[in-house]
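Notes follow once the structure below has been shown.
Note that the chains are named A, B, C and D in the order they appear, and that numbering of residues resets to 1 at the start of each chain.
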Amino acid sequence: MLDMNKIKKDFPILRVKINGKRLVYLDNAATSQKPKQVIQKLVEYYECFNANIHRSIHTLGEMATEEFEKARKEVAKFINAKEEEIIFVKNCTEGLNLAAYTLAREIKSGNIVTSIMEHHSNFVPWQQLCIRKRMEFRVADINEDFTLNYEDLYSKINKRTRVIALTHVSNILGSINDIGKVAKEGGDAYFVVDAAQSAPHLKINVKKLDVDFLAFSAHKMFGPTGVGVLYVRKDVAERLNPFLYGGEMIKEVYITKTKWNKLPYKYEAGTPNIADVVAFGEAIRYLRRVGMNKVRAHDKKISKLALRELKNIRGLKLYGPTKVKDRIAIFSFNIKGIHSHDVAHILDSEGIAVRSGHGCAMPLMRRLGVNSVARASFYIYNDEKDLEALIKGIEKVKRVFKVD
Amino acid sequence: MLDMNKIKKDFPILRVKINGKRLVYLDNAATSQKPKQVIQKLVEYYECFNANIHRSIHTLGEMATEEFEKARKEVAKFINAKEEEIIFVKNCTEGLNLAAYTLAREIKSGNIVTSIMEHHSNFVPWQQLCIRKRMEFRVADINEDFTLNYEDLYSKINKRTRVIALTHVSNILGSINDIGKVAKEGGDAYFVVDAAQSAPHLKINVKKLDVDFLAFSAHKMFGPTGVGVLYVRKDVAERLNPFLYGGEMIKEVYITKTKWNKLPYKYEAGTPNIADVVAFGEAIRYLRRVGMNKVRAHDKKISKLALRELKNIRGLKLYGPTKVKDRIAIFSFNIKGIHSHDVAHILDSEGIAVRSGHGCAMPLMRRLGVNSVARASFYIYNDEKDLEALIKGIEKVKRVFKVD
Amino acid sequence: MIEEIYAERILDHYRNPRNYGKLKKYDVKARDVNIPCGDEIEIFVKMKGNKIGKIKFTGHGCAISQAAASILSEIAKDLPKKEIEKMSYEDFIKKHLKINITYRRFGCATLALRVLKNALKKL
Amino acid sequence: MIEEIYAERILDHYRNPRNYGKLKKYDVKARDVNIPCGDEIEIFVKMKGNKIGKIKFTGHGCAISQAAASILSEIAKDLPKKEIEKMSYEDFIKKHLKINITYRRFGCATLALRVLKNALKKL
């Protein structure tokens, strides 16, 4: 079990008052809050050893480089990758685009398979690639219970499939996809996984999953904004050509040609986001100290309670699996006759932060037959009291709108 | 005149001791140190209003969005651009690559003209574009006094020139290029300017310069790592297609097509580096309070003194203009018989941080006939005492190597 | 107070939008979405000289955006084109919506007016 | 103390590198650069059975990298190939360079050994 008192104290923002009310932050799928250890690391970096890295002989440069590479080690260990397979980018979206741009030079005709539950960041890059290359863009459906329709997915994958781009966890439905299974049954295509929503909540082992690319964002897992991770399997990373040019990715430049640096630098161009990568290392250490199994257990506990409570609210329609094992604690819903924006606005007046809108998943919205949803997403600092506040808040929404 | 005492107090890192010595930080062209106001803004952001932006109805989201867009306004004003012309990227390098990737879809045959004094980040993207498209890559030379050879540049620009990619200030030589003049005489080609070294030191007015793209990095001008700015002239930005896909750059997604958001969002994909952009706004305010004319005046004063002192050191060869008006306070040099790395290492033992190596400008190194240089670069917190320390440090280098 | 934003009048316009629907005969129409929300408004206008003769709208979205469209359709009728052109978004909110709107709902509250202005530009 | 790194012996090897030059007849050669510095070393090896018979190097760079190459060329001569293969970088620094090297100069100090190891792999 998590020590909730201790954890809540680690997050300074939880002391903030919203409209005079206690902040109930339930927008974690958009971005998480940051523990004081991470904020303190940023301050320490800038006050004690800020310098540009890698090509530095001076003491500050050496310190900054060591801390930066230490963070890479932390991340590698966190997902069971090799250090040279960890590429720092600016966010999950850049990671997925990096995969698409570099693969675009490798693949020609054929098709790309993705799913209807993708975030735009793992949908549009592949859609655009297909448009540019006149390739076929295939979109697997979901089941009535909001899980991935594997049958449909496999029927869309064939010998001409060049890339499978799939999210690990849906940012709207909360559904967990069985990546390991798809990797096994998906054939020879490159397999690109969007782990933006899974990395914060589930223990990831890239070797077990056996994927080629896997991307996630630091800011959704206690890290600062401005850092993403792209895991690229070593043999793939070695074969492909780099994406952005300049800085540490370079070995030698001549007027007419350039030689690339070794992995992982080959894919890291320009001065990296040194401070935030170093602070992200601290975030990973924080998660490691809490323990990913405890993170998951807490998530399951909240999910179970939430599913029970939300079911009882009249007029509330939940979009997502009803079995705890199929999902994480992301709850998208609509209340009959009330738009999600109005739900979010009224909840905010009670200090409760939830997201509303299409959640960067318009194809899924159309599939669900809605224009938008309200979404409450939980993390380890959220407890039963926060869930209670949400339920009470929803009652207030209905009161303001005079529906019951 | 700058109030040096006050300024030094604003930078917490200047209190750090290196090998028991006072830190003399002369590696500003690589990255600047950060004033406490900027560090404090980061802390405030994470402790008081961290949230994902733009699509948020809740209070934290509204606050974060407002502060983020306020920073954009600051940057726009700083270089006299419109807000929708300011695109936030992760660093100057990404900005230049964004220009190259989006222009690559526009241009076909012909040539691209750049200069031998470019940083790799403004050289390799264009070189690689030329290789991919079988275009001609033309590299303008420098004069014997280390200024740009305009004659050679103009002789290389013709009707078939599609892009001129030029640095505003060389990160090795310190030379200032007359961008306004090249814009006037450069014809119809797209004009891309690397302002990484000029934005921290010179007042920039993009309308006066009349360029199409201009890129720089926050971390070299008191801002955090992980933020770059790409200015794109509005008509150009409207005409070109976006670069990275996903997040705020999207208006509507259908299975087979996507519509883009308006400027500047069209070019900003994924969760931006919100905290660091907000803190960069604070850095710009800091620079504005100091005043860019005072920044430049200080730079000239130090340059004048440094040129005089360095000239007197036997065996020291300086690579850069000797007239203060042609340059900023970046001094690259070699000492006869001593490698730049050894120079930097011995200076570090005295607390003095300088850079050594090829400075990400290998083509220039080859042109200068050297493999590497030592580089001391100044900013507003550096004073005469720092220069004195450098001169004394160089004497020590020579003593250790037993040369005179 | 949140109840002031979701006033009786706003909720009424939201639930019973005036002038909802399409015009078969119109001089101009325009459509736009509010990107953060996905709210959507389409407006049809039939002019009577320099004045707005008939106006109808369709769309979907939050209470604010839909009520604003309904309220706008009422006040716009018979108004000279010029009046719409020079109407500021802030004034529309203050004088006609009569609720307190901050940055985050500004887009919702002004979507309909933006669409109407764009429609009139096509004349 | 910085003077301990730039000891008399290091400076001597830097200024008067032993076995500097190329071998006309060699079994293997290899070249590499140290990316942060641009230091460059090329090594030529002529084997004598399983042992290193002749060894020469060229290159340029800082005192540490060049002195390390010179010192390596001295100790490698007559050494069995295996000995080089199993020599750790840390041991080379401690036992043969005999100076205190931190992270930042590790690449300089070990460039020559890395090149030699790579050369022997080609045998």
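The definition used in the following text is that contacts are C-beta pairs under 8 Å (C-beta built on N, C-alpha and C of every residue); 3 or more make two chains touch, one makes a residue touch a chain.
Every value quoted in this text rests on a predicted model; they were computed, and no experiment measured them.
> Among the chains here, which has the CA centroid at the largest distance from subunit B's centroid?
C
> In whole angstrom, how far does the Cα centroid of subunit A sit from the Cα centroid of subunit C?
Their C-alpha centroids are separated by 37 Å.
> Cα centroid separation between subunit C and subunit D, in whole Å?
77
> Counting only Cα atoms for the centres, state how far subunit B is from subunit C in Å.
Distance between chain centres: 46 Å.
> Quick check: how many Å separate the C-alpha centres of subunit A and subunit B?
Distance between chain centres, rounded to whole Å: 31 Å.
> What positions in subunit B touch 2 or more of the other chains?
Counting only residues that touch two or more other chains, subunit B contributes 55-58, 61, 252, 341, 345, 356-357, 362.
> Touching two or more other chains, which residues of subunit C qualify?
36, 104-105
> Chain pairs that touch, all of them, please.
All chain pairs meeting the touch criterion are A-B, A-C, A-D, B-C, B-D.
> Applying the document's contact rule, which stretches of subunit A touch subunit D when the two form their complex?
Touching subunit D: residues 54-58, 61-62, 65-66, 251-252, 261 of subunit A.
> Across the complex, what residues on subunit C touch subunit A?
It comes out as residues 1-3, 5-6, 11, 15, 36-40, 60-64, 104-105, 108.
> Under the stated contact criterion, what part of subunit A meets subunit B in this complex?
Touch residues, subunit A against subunit B: 12-13, 16, 18-19, 23, 25, 27, 30-31, 33-34, 38-39, 42-43, 46-52, 55-61, 89-94, 96-97, 100-101, 119-125, 127-128, 131, 137, 139, 217, 219, 224-228, 244-247, 250, 252-258, 269-276, 341, 344-345, 347-348, 352-357, 360, 362-363, 366.
> Touching residues of subunit C toward subunit B in the complex: what are they?
Residues 33, 35-36, 102-105.
> What residues of subunit B sit close enough to touch subunit D in their complex?
Against subunit D, the touching part of subunit B is residues 337-342, 345-346, 349, 356-358, 362, 365, 371-372, 400-402.
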